[in-house]
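Going by the order they are written in, the chains are A, B and C; count residues from 1 in each one.
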């Protein structure tokens, strides 16, 4: 029982990290109709900037400065890259961000090299907060959870109670209308993009030292974030939260339980030749299948509910 | 009859070139290169049935290429073990095509329900899923090592064994020609035209009797068929298939080829596949920054020349058709712009190479040689020279670009003013 | 039962807003029927319900004797109903010729064929050519449709709609935004193409309406308040009050 709680806790933690990424992506998509393929690359930039800043100063400076820089980089990419492409349509914009993801990955390798950089958990928080039933709960993991919950609450408050939140929500439901109200749409787009990237940057700062800061981190996490927002329903923040938590918990539980699929097939009465090409189906365990699970959920979702959990709009 | 001959000319010329090429470029490297380009042309054209013809952006089309490749390798190995009926290697690509078609029909049914961004995300999801599976189902995919075979099954017609690379080259060239012709003809069928219509305006299609979803599914399946042929040719050519061939790396590469070559025209993917694979195989040994250059090139094409290289050529076609001499005034402004571009690019490449050299940190003994000149990335001189070239080039680009554009505008206006005939 | 198109108790709501509030209408086979009404009366929504763009909330739609309620747009089209759009809705990158050609491919039975070449389809070529001449775009057939002038695009819009030879034709403001001389041409074109067919037309230009229509229905706030011959409609005081007196342009 304790182990379930532990796995669930890790799952929720991973899910909240996914949500940090997915929220920025959703915000950008809802406002601009652009699916930012490079979103996870900004997450990676957040981690690398945080590493560089904590080398020179300390983790706390990194926590606040790195996301700001990432946000500014994002706003710059929007202003000088994405905006001129806007007139060619959403597919061209998606292609553009796909290219940007390539370029960022290569630039990161150019500056920091191809091997992981030693971005460490701050010493202050490296210990265990408490030990319960034989499991250590590290301070830093609890801190990560706190940060993501704080951001979630702040985002929610921003959207609900502020003027800019009002504009954003209006733009999500009716982009044309907002333009007629005289708001400077290109400017709003630029800062939305920057803000979304900054959220990814935060995830990079708090997640980079746990997941590992290396050039491949973007390509590893990116597709899963897309799965999150498709399952949650494109453009739905609430959907993204639920989907992120589901995927986080399910994949962590699958790893934790490590249930052999062979016994599953046996109990279903299926006999699989243990020497043939299909022999792996009897051997693999849920832990090995865990990386496939998000995509499997995606496929099932598409078959049974193509709009996602909370999706309302057509793309 | 003369129009028929006119229409056949490019194909006859293409076939003649394919036959002649190995006699012009005789090195082993050139032969492997041309073989690989041949099958990538098939793959790129298949991909463009989605992107350029049908308006579907896929981030996972390597799935059909790669799965057909895996299947081909296993089938060849099974032939050795006499577990499956014998099929001559000459016809094996057809088998690969059927594998691609099978998965295309299956996965296409789910993913073509939506177009646009959702379709793109789903294609990525399937691509990632299959890539992840290659590392899980080791017996079938053998993880990161991939699987191997020997393509020499024995003698076939005319004593061909596919032992020598030249025989494999002609196998690929033959299939490349047949597939190219087939895909070209497909663009001229009712399906091809309606596929274009769905690309332009999926909603309107529903009011002239067509289900746009059904058209997308059909296009997806046929495209997967040709991607499968390309994958099988890859398996025969390299005798190895690994997870890279199904992964987003391969999917991204074909996307780059098609988009940089030009998705709006039929020949664009052919140009793109040839150019990019040639650059890739020659540059990867020379520079570490090849992928960066590729990415920057791709982003640049999206921002400034969304029609790609073929688009650049075809925007001059009306001028050429009206009167070839109208192209003459373009020469000077174009050369100015091109010179500026080259200076800027050379400068940037110099800077990037020095940055890479400094960051790789392990090459302290070796010297960095750029453009045949030893350049010390730890002294200021080379930095200043390259930065100056990049800066001046960028400045010159800004100065010469309007001239090039206005020259084209004048020429096209003149061309349009002339009556046809 | 000689009605080509029958609407019975048709309703449509978007959220809380009911746009179509119980429409009953029978369009006779072979007649030219105009639907008029002030802006926001629900004319376009009505067309979208009939042509299958979205399903009605309540009520039935019959095309001749076939119940087409809630069917998909392409199924309804295959049963012989076609429509044009108020906002020009063409295939911008295809040539003018291919636009019209796409319009008649399905109806002529070529459907999803990927084994025959369009250039060789004699029936398609003839029908396409005759329609292109009808709508006056034969000379411009090679141009990409996106480069046509506005009036030409309107004509092409019409051409795509009628290319399949459907028996029931729904036109949505075919003369919107046209100059006076262009309107005259368009009217004679519409008269020609609707010969022997059933035409339903939504139109703001009262000259066009009274010129073309055998009967007129007046749609106000999602309800049909009157149906009759042009003379009856002109004489009706209810219509005068609700619409003609104030909203006519």
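Annotations
Following the convention adopted for this analysis, a residue touches a chain if its C-beta (ideal position, glycine included) is under 8 Å from a C-beta of that chain, and two chains touch if they have at least 3 such contacts.
Not measured: the values here are computed from a predicted model.
Taken as a graph of touching chains, this assembly forms an open line, each chain in contact only with its neighbours along the path. Here the chain at the heart of the shown protein, by mean C-alpha position, is B. Averaged C-alpha coordinates put the centre of chain A at 31 Å from the centre of chain B. Annotation: 44 Å between the Cα-based centres of chain B and chain C. Chain A and chain C have CA centres that are 48 Å apart.
Among all residues of chain A, none touch two or more other chains. Only residues 55, 57, 59, 74, 110-111, 113-114, 116-118, 120-122, 124-126, 128-129, 132-133, 135-140, 248, 252, 255, 259, 289, 291-292, 294-296, 298-299, 302-303, 306, 352, 355-356, 359-361 of chain B touch chain A when the two sit together in their complex.
Taken together, the chain C residues at the contact with chain B in this complex read 51-52, 72-74, 77-78, 82-83, 85, 89-94, 98-99, 101-103, 105-107, 110-119, 121, 160-161, 163-164. Within the complex formed with chain C, the residues of chain B that make contact are 185-186, 188-194, 196-197, 199-201, 203-211, 214-215, 218, 222, 264.
Interface residues of chain A, counted against chain B in their complex, comprise 33, 35, 81, 84-85, 88, 90-92, 94-96, 98-100, 102-103, 105-107, 109-113, 219, 223, 226-227, 229-230, 234, 276-281, 284, 288-289, 291-292, 295-296, 298-299, 302-303, 306, 315.
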